[in-house]
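Notes for the one structure printed next.
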């Protein structure tokens, strides 16, 4: 697929979201493919997570069809048993276990309500590289969480999330679809990602969140993209004039929004052509207490927008696969996607 | 697929039928793949047809998911707008539109009730190369039209239509299946095709068209094959002795048939392994007026025969794909298919 | 698929089971792919079997869509007719039939209730190489027969049948799943296969066959594997002490089992990734007469076990295909599979 410019499609040395923490239930096995690698995840008795290659080193049967025995995982084809570090600790009928009998054990961390897996060399994993998402139990925010699968490469989804110019077209039947381009977007580089900020002035807030906030406000949107596909988003409605008073920068704490939203999103490439999209959306707890249906409303709006994106992105993926000679051309609003791909390319080729 | 002898499967420099004219409805978009190229077709306000590559030059989304704005087509991913000649006329957020922002615009002509598209270099398109099919509004003929899709390469369908020896076997439960081979077929070359003629003497006409014509007649069949898969067919029942009186050539106007049929057929290769078959069948208006159910009867017979062909040709295609080492061997009745493939090969390799 | 070590996946010079004899019904055509070759099988008027390549030498249509005319098979695309030796005996419209108009005729033998086909050079076929399975009409045994299809390479199924260590894990909810490894398996080489024998002492027989035999016995299992995937199995329950009295060898006729089972099994590779598994199971007629539900009971148990195997083997196949870099590692209980693959490799590469 030449539109992805190069054979490598995945960054190895970073943390991938594999699941919501609550999806990994005690005494059961969770199977996922990340960056084309088959992975099985489970919890030890003390609640700690284990992530192993989901392919027995003996005859290549999936370990996710196996059986947990305490903190060990037994392959249910011929009974080899693996410790949580991937070492084989039992081969039925044999006393000696050769060194090569092990499956890869992935560094795995549960943080901010997500299960993070390091696909690259475990020796290089650094937990401080886990993006600072906001978890579901955060005292400030009331959040709702879920996920959806895409039949598309994850970079096409990253593209979509970094280029707000699509909103006016893909979501033109929605509430927020007009005037995306009249307000400039500020993009700045982060160590392993990008920061995007934008002020939109004089927004009709009733259109923004029906039934919640009325009047006209300045709207501030700010999000970080972090490799491989983490998006940490904040948006708020502020009194008119706030944008100017902040010099169109990030409003500090003395500016209290009349309404604020938070969303943590993670795009995980399962295989070259499929992805899973984990996301939460919500509002401040105090605001939600005043408007009890608010988070549900935001969730439903989000799901509607995401369904529109999914339809277009999957059509784009099919078009690319059916017509591999097609060449992309960039426009001004591709600056975000282009910067994202530069970062990805750099880390794919280390 | 070595049975197709060579990598090229499609002739570029010819007119392909993309649709029946009535299938291209005002204010809507019609998507089709022809010779593996994705194409979107629509009508301008004045009814003229437009055919563009169905892949936005920006991020490769299908334009057939776009939106018509007057005579322009807007991609509904990021809003690029294209004129009917394929030039991009608007890039949201940009004032200058670089030259390379265009999609291919295919020469398209509506003629004889069909929508014809030239896949090759537009500069070489010549509308006089459009085969002289008979359209649905012809004053002489009462015709019924439709189409069906095949999971098979179009050359296998061309083969079938050029070798009448299959009729006795594929359609052996039908009405006309016996004695196909006792009457010789005359094949002559055309500039971009073949002409096939055959007289069958002493045919039981009641078997030919049940309930319409009785008695015994000479039957004349004549059709042109024209690249890439156009078949223009005429057949008539004449008084016994006509074949001899015409020296087994084409009967001129002084011979009036007791019954005559017309069929225009177009086999369009969508992809290497799929095709769309457009066809009309019918009788003279004056004959139809006397036998009001006649065209419906012909239509039903045709659909039954085509369903039998489709079943066999799709089985043949599957057999070829599953067993690529298979070698075809030719027999005398393959003269038509062999001549067709010679012509196709010649034009595929210009 | 590097786990199969080498490009060749099938042994040519051996007999493959294509069907149960009763599946080849008079006046009808039976289509099967064996080792990727398309084959059509039918009976002549005298009941003899014919096996031809299922692809007409003319335009590659499947002959299994053809029509039997006496002992001849006519392709129903263009009417070529083939004798039971594969020679074309009629080309409609032609008097001379060129020599190359023939389809391959496979040596085919009906024996032991199975239809055996020799895929390799017919000149090298030797009917004495047909494995000595026990047919359904055997006077000593009451047998029930069937088949099931696998979405997996046949070698993975052979592996499974040659390594009893899987029983304790795949069939751990079954009746016989415990203690597989405490009793050693004896494997010896045959000219084109392997013989496997095992005694298990002090087995709870009520667990073995519910409701049939009680008490505690020595259990003897013995089976031949013969290329390409034939398994001829016998097992019996004997009085305690028999194993020792036989020096853990095969019990001769003076030892009468209290219960005995027989199973003939044939794994036929259809394509690289699909297989058909033919099998019979049953008991001695005299034992069945005493326990009228016995054979049905054995059949149901067998089907349950085979469904468990199928689920695991198909998952293993999917895991191999999705992760082609995976490397198998061998353990002691792989001796049977390893010896099988050595034999297969030797004959694949002649």
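Labels A, B and C are assigned to the chains in the order they are written; within every chain, residues are numbered from 1.
Methods note: a residue touches a chain if its C-beta (ideal position, glycine included) is under 8 Å from a C-beta of that chain, and two chains touch if they have at least 3 such contacts.
Remember, it's a predicted structure, so these values are computed and weren't measured experimentally.
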{"item": "Shared chain contacts [chain A and chain B, defined touch]", "value": "C"}
{"item": "Chain copies touching (chain A, chain C) - same or different residues, decided at half shared", "value": "different"}
{"item": "CA centroid of chain A to CA centroid of chain C, Å", "value": "49"}
{"item": "Interface hub residues of chain A, defined as touching at least two other chains", "value": "none"}
{"item": "In the complex, chain A residues that touch chain B", "value": "3, 159, 163, 165-166, 168-170, 172, 181, 312, 315-316, 318-320, 322-323, 326-333"}
{"item": "Complex contact set, residues of chain B against chain A", "value": "33, 36-38, 54-55, 57-62, 65, 74-80, 91-94, 98, 100-101"}
